[in-house]
Amino acid sequence: MARIRLGMVGGGNDAFIGGVHRIASRIDDRFELVAGALSSTPEKSAASAEALGIPRSYGSFEDMAKAEAAREDGIEAVSIVTPNHVHAAAAKAFLARGIHVICDKPLTSTMEDATALEDAVAQSKALFILTHNYTGYPMIRQARDMVASGDLGPIRIVQVEYPQDWLTSSLENEGLKQAEWRTDPTRSGVGGSIGDIGTHAHNLACFVTGLEVESLAADLQAFGVGRTLDDNAHMMLRFTGGARGMLWSSQVAPGNENALKLRVYGEKGGLEWSQEDPNYLWFTPHGEPKRLLTRNGAGATGPSQAVSRIPGGHPEGYLEGFATIYNEAADAIRSVQGGAVRAAAMGVLPGIKAGMDGMRFIGACVASSKNDAAWTKL
Amino acid sequence: MARIRLGMVGGGNDAFIGGVHRIASRIDDRFELVAGALSSTPEKSAASAEALGIPRSYGSFEDMAKAEAAREDGIEAVSIVTPNHVHAAAAKAFLARGIHVICDKPLTSTMEDATALEDAVAQSKALFILTHNYTGYPMIRQARDMVASGDLGPIRIVQVEYPQDWLTSSLENEGLKQAEWRTDPTRSGVGGSIGDIGTHAHNLACFVTGLEVESLAADLQAFGVGRTLDDNAHMMLRFTGGARGMLWSSQVAPGNENALKLRVYGEKGGLEWSQEDPNYLWFTPHGEPKRLLTRNGAGATGPSQAVSRIPGGHPEGYLEGFATIYNEAADAIRSVQGGAVRAAAMGVLPGIKAGMDGMRFIGACVASSKNDAAWTKL
Amino acid sequence: MARIRLGMVGGGNDAFIGGVHRIASRIDDRFELVAGALSSTPEKSAASAEALGIPRSYGSFEDMAKAEAAREDGIEAVSIVTPNHVHAAAAKAFLARGIHVICDKPLTSTMEDATALEDAVAQSKALFILTHNYTGYPMIRQARDMVASGDLGPIRIVQVEYPQDWLTSSLENEGLKQAEWRTDPTRSGVGGSIGDIGTHAHNLACFVTGLEVESLAADLQAFGVGRTLDDNAHMMLRFTGGARGMLWSSQVAPGNENALKLRVYGEKGGLEWSQEDPNYLWFTPHGEPKRLLTRNGAGATGPSQAVSRIPGGHPEGYLEGFATIYNEAADAIRSVQGGAVRAAAMGVLPGIKAGMDGMRFIGACVASSKNDAAWTKL
Amino acid sequence: MARIRLGMVGGGNDAFIGGVHRIASRIDDRFELVAGALSSTPEKSAASAEALGIPRSYGSFEDMAKAEAAREDGIEAVSIVTPNHVHAAAAKAFLARGIHVICDKPLTSTMEDATALEDAVAQSKALFILTHNYTGYPMIRQARDMVASGDLGPIRIVQVEYPQDWLTSSLENEGLKQAEWRTDPTRSGVGGSIGDIGTHAHNLACFVTGLEVESLAADLQAFGVGRTLDDNAHMMLRFTGGARGMLWSSQVAPGNENALKLRVYGEKGGLEWSQEDPNYLWFTPHGEPKRLLTRNGAGATGPSQAVSRIPGGHPEGYLEGFATIYNEAADAIRSVQGGAVRAAAMGVLPGIKAGMDGMRFIGACVASSKNDAAWTKL
């Protein structure tokens, strides 16, 4: 099957996430990166494109959208990997021309932008895919499948956390670009750790349990000197159907690299998963010995096997999980190109709804915290 | 040095915690159990005492207090290991006669009882020791020492949790005695999981960090059918000095036996400790590799070595940690008998203040939860 | 039931293992330590006895054996906790007088002594118990039970190791007493690490599998400068019935405290246990998810529950495992005092056979290694 | 930089390892797969090539070598991913025409073939790279660097093992193709588990320590019914310079997927690494707390960072480690194309010497085991 012609917006200047998207798009060989508007100036963009072997370079995403839409062999999809505040405008430019969008999260930096983007998605025939990449891990698919199958019984408790430590010191004052834009409200939006990683925790909890957060009570802190955005967030959650939870996100917890961890407990059993050891899933049926499920190992079910590339015991990691989003995006794109309805084609892929949920989550966190942690609806 | 003559109230009928106290009192050979009022009737008490080889048996704690106080060779100290609602009356009977009290936690079942007991302690010359046993673990002493030494810098974040699973099913409806009294407000007080295990989590967080909880916002749940007391509790904490925290206690989380876990993060580093693997302590100085400290291993400091009996790599456990409370109680008793001031003699031993803190913690949890998780002062 | 009157030989001068035996003898309250010949001179012995609150002190084990045997209320049993080369003479003195012996391992320092002791045991009516203490861990009992029950099918492979690191540097040249006698052939015998800890590994492998080592091929090394006894040993094992194995003992492996570890694999499944985390046992039935069994947790069977004192999740450790040997020794002693046959009374307790097996193991290791690792029968 | 034109021999029929090579070749975008002789017949090959989007398909490797060598835009390198007995002939066909070879391990199925291939490599100007892929893991590079830097001091002990469980049952009798050829001497050669995975363990031990195995004493078993090749192997190792070691390989150890594990101990410290958790490396400097190094985390040095794609805490896995071999192969190929000497261009890449070492290892294992585990030189 022919590879999908892909463009990229952002990702030029040694940005971490741009490189991740490119590797992810190659792993399963479904995409061919043929165009880019990789940086803020035409010169920088062209230099990056040449270094990466990308044939067509543009000075801006608008130029790229226009030109590619006009070509017979123009891009079919685009990856948007810029800082948050550019997502909306870039996505709209491509959606308006029927070019499928694969966009980094969180959705946008403001709720206004988010709503406008939501409209743009509704009016386009193209797909909008948000790279909530952790949903691509095989054992997360396994966990979701087990909850849906009733292995845990009705869910009572959800414990989710995403601690990091890289902002323990105030690196934004020392010239680190990643730290600068992530702690800058004009580029990141109103959420600090809650936007950058809290949204991942929130998304993952909902993805695995199939529940939605109805309301939350949040206490946000900015421990770093001079910070205005939260670098640590505590909150309690109330889910649809009566389950309760806690969520902790932090970027000032020394010793934690990307320690995203999810624990779910129901009337019949529990599950536990850690992003840093993603090939394992603890399953604890009540009253029986704990079981350690492994990726593609004994007990693995269809949904995890379907997104697993190699036998158990040879670990797959972050890039493979990310690649699964790209692989399923390729399936979805080919499917809608073949006439399928968008919603059906998306399958479990995170899209505009996941993005809007994330924006509402950020908004509720900030509102609750300003209101002394009062319960706030999403 | 002569062993301390010890009595015991409760602990007769195969009760879990009575046996623990007895083993703990023997490990370091500082006590001799010579008297007991072990059960609710004279006959049962006598039978238990004989089975255990305890020379003097009484039909009630009042009888025991009176008789032993009158003997030249009467007990010097008493262990109170009854359900919560008996603690206050029993403790007062012995304190009034100058007999030192070692009492199980939580302090009492009502705040009224607690206040009365506080008064009784104030008016007695005897010591009152509360068995917050987890403070006796060597690596907890190590953690406390490291925080006090500034190894972590000023504390920012405290994450503490104590999940269990034994009440996942409603065992109190199936005749399990332990489950019956613990879910019964008339015997346990207003706290369910928060009283039984949440107080341990609260106490440990404060013991290690040297901070106090100023206020909390709590969301309590009773998932078990027909339960009125909480079996799961989520809360956010605000500590003196600006640190923030989260606390989770649960008795309905399948796969968790006694998974008490404490994590503390400061400006310079972090610590992590799990009760189920108590001989280890993770220390994560910011920007350096994680270090795994072991009991009596490389890097162990004075306070942990002082309460450690055997070389590293041969695990000490729950009973040894509990025994440390008894060993230090023996030191304290001999010290006040020799004329020392009570406060000085107590050292780091938990006493009436820890007990009152626990009662205030329970009260604040219940009050906050009833008030939709509003911040509530302790 | 009355406590057993116990004496002790050795264990006076802050020796590690003497204190362990004393704590172990107290934990289950079955013994009362009433006499001792704790040190090499009457004065030192008396000082130690007084410090420990032991009523009767003797200047030598001969004096103690004679005097205690003559008393109506003399000791019923004696613990021998001296360096290896004293075991045989001391044990024989008490066995000859019908006093039960609880002896530290390895059996003796020479095969000659061992054979003489074997004869003495055969001629005595008293019990001889060797403290292969690791056999007292609950999850080791569980493992043995599971192998015996056929949960693993016929055993194919046994991997056992006991690495330590305390002799990485040549501490015996720096005045450390423990290091001095353990590296001295006149006091330790022909085995270094193989005698001190290799015998534990060998014993445990046999205890759990129910198999015996028929022959071995060993390569011993003395890495420490100036050492004559092995401080590291590699060997391959052939068991009765066709199972094969490997054994590694080391005292020069930095980062290992007492990392005794046993893995057993059969046609149907496997088991894995680590001494440093003794409350866990991995069970891996072939083709099913791994299961983590916990002490007194779900899946625990009779033999492990029988030697477990407290509920799961509250760890028991080294001292409790050691105490189990004492507790079962008490049962055995009362049983033979009541007329039971010695062999039946011993149950699973390690005795003279385990001791002789250990001596043959040491002998075979040394012989094989001298013979360029040729296969050598035990 | 232009991508290297790559061909592939084997890997057509859903073979596990062919797919791995293809993904590995794509991850860093250095290769373009343009030709293949993927299966045993022209028809099957063509079908596979079409399914994979490979433009040029050939009916045999001879045809491919000849045709591609004749094209201006012919392949520059070829991946050989057939069963072992085809490696030599295929590799020689390409080497003879100056086409670089990336070959799966072990080198060949017979020593005769190996020697012939060694000659062919010597006479060719092309590179020969053997995919000992585990050497590509970042923390293995870190370990090698630390040993070379003297962090461990002179090496004393090497413990390496590679247990699996997939041949616990005799799947070769149930039609599983992977099991059939791996247990068949005519296709696998004289080594079973020792050839398939023991060579990996041997290679990794040498790669990290910089030492060579001088001699070994091996005891091989075939536990599976009807098997002639070993499915379990125990051996003791003697390294150059005096270090000693043990190696265990097994395919019948239930609960082990690909549990390759390496431990190295020197006079000053130790290292421990597990393939199933490859982003971690334990470093245990003697007398200091254990340290857990993480990929790209604190303490990571140049050689591990150089082969690491993403920040610490986001795990890289097996495919990324494999991709590093491909990435470095691309560097080496471009380097020799630019005129560099072959040996210098190879850097740390495993080549024909590693392959011959593996063959000698297999040969020595079999010879030693037949000779009752006598020490045998490699």
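Lettered A, B, C and D in written order, each chain numbered from 1.
Everything that follows uses one rule, which is that a residue touches a chain if its C-beta (ideal position, glycine included) is under 8 Å from a C-beta of that chain, and two chains touch if they have at least 3 such contacts.
Quick caveat, the model's predicted, so the values are computed rather than measured.
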item	value
Touching chain B and also chain C, the following chains	A, D
Furthest chain, CA centroid comparison against chain A	C
Selected interface, B-D versus A-D, where C-beta contact pairs are more numerous	A-D
Where chain A and chain B are represented by their mean Cα positions, the distance between them in whole Å	43
Whole-Å separation of chain centres (CA-atom averages), chain A against chain D	35
Distance between the centres, which are taken as Cα means, of chain D and chain B, whole angstrom	55
Overlap residues in chain D, where contacts from two or more other chains coincide	256, 287, 290, 294, 297
Residue numbers on chain B that touch chain A, as the complex places them	156-157, 159, 161, 165, 168-169, 217, 219, 221, 223, 232, 234-236, 238, 244-246, 248, 250, 252-256, 263, 265-270, 272, 282, 284-287, 290, 372-375
Footprint of chain B on chain D - complex, ascending	283, 287-294, 297-299
Touching residues on chain A, where the partner in the complex is chain D	1-3, 16, 19-20, 22-23, 26-29, 52-53, 164, 256-259, 275-279, 294, 297, 309-320
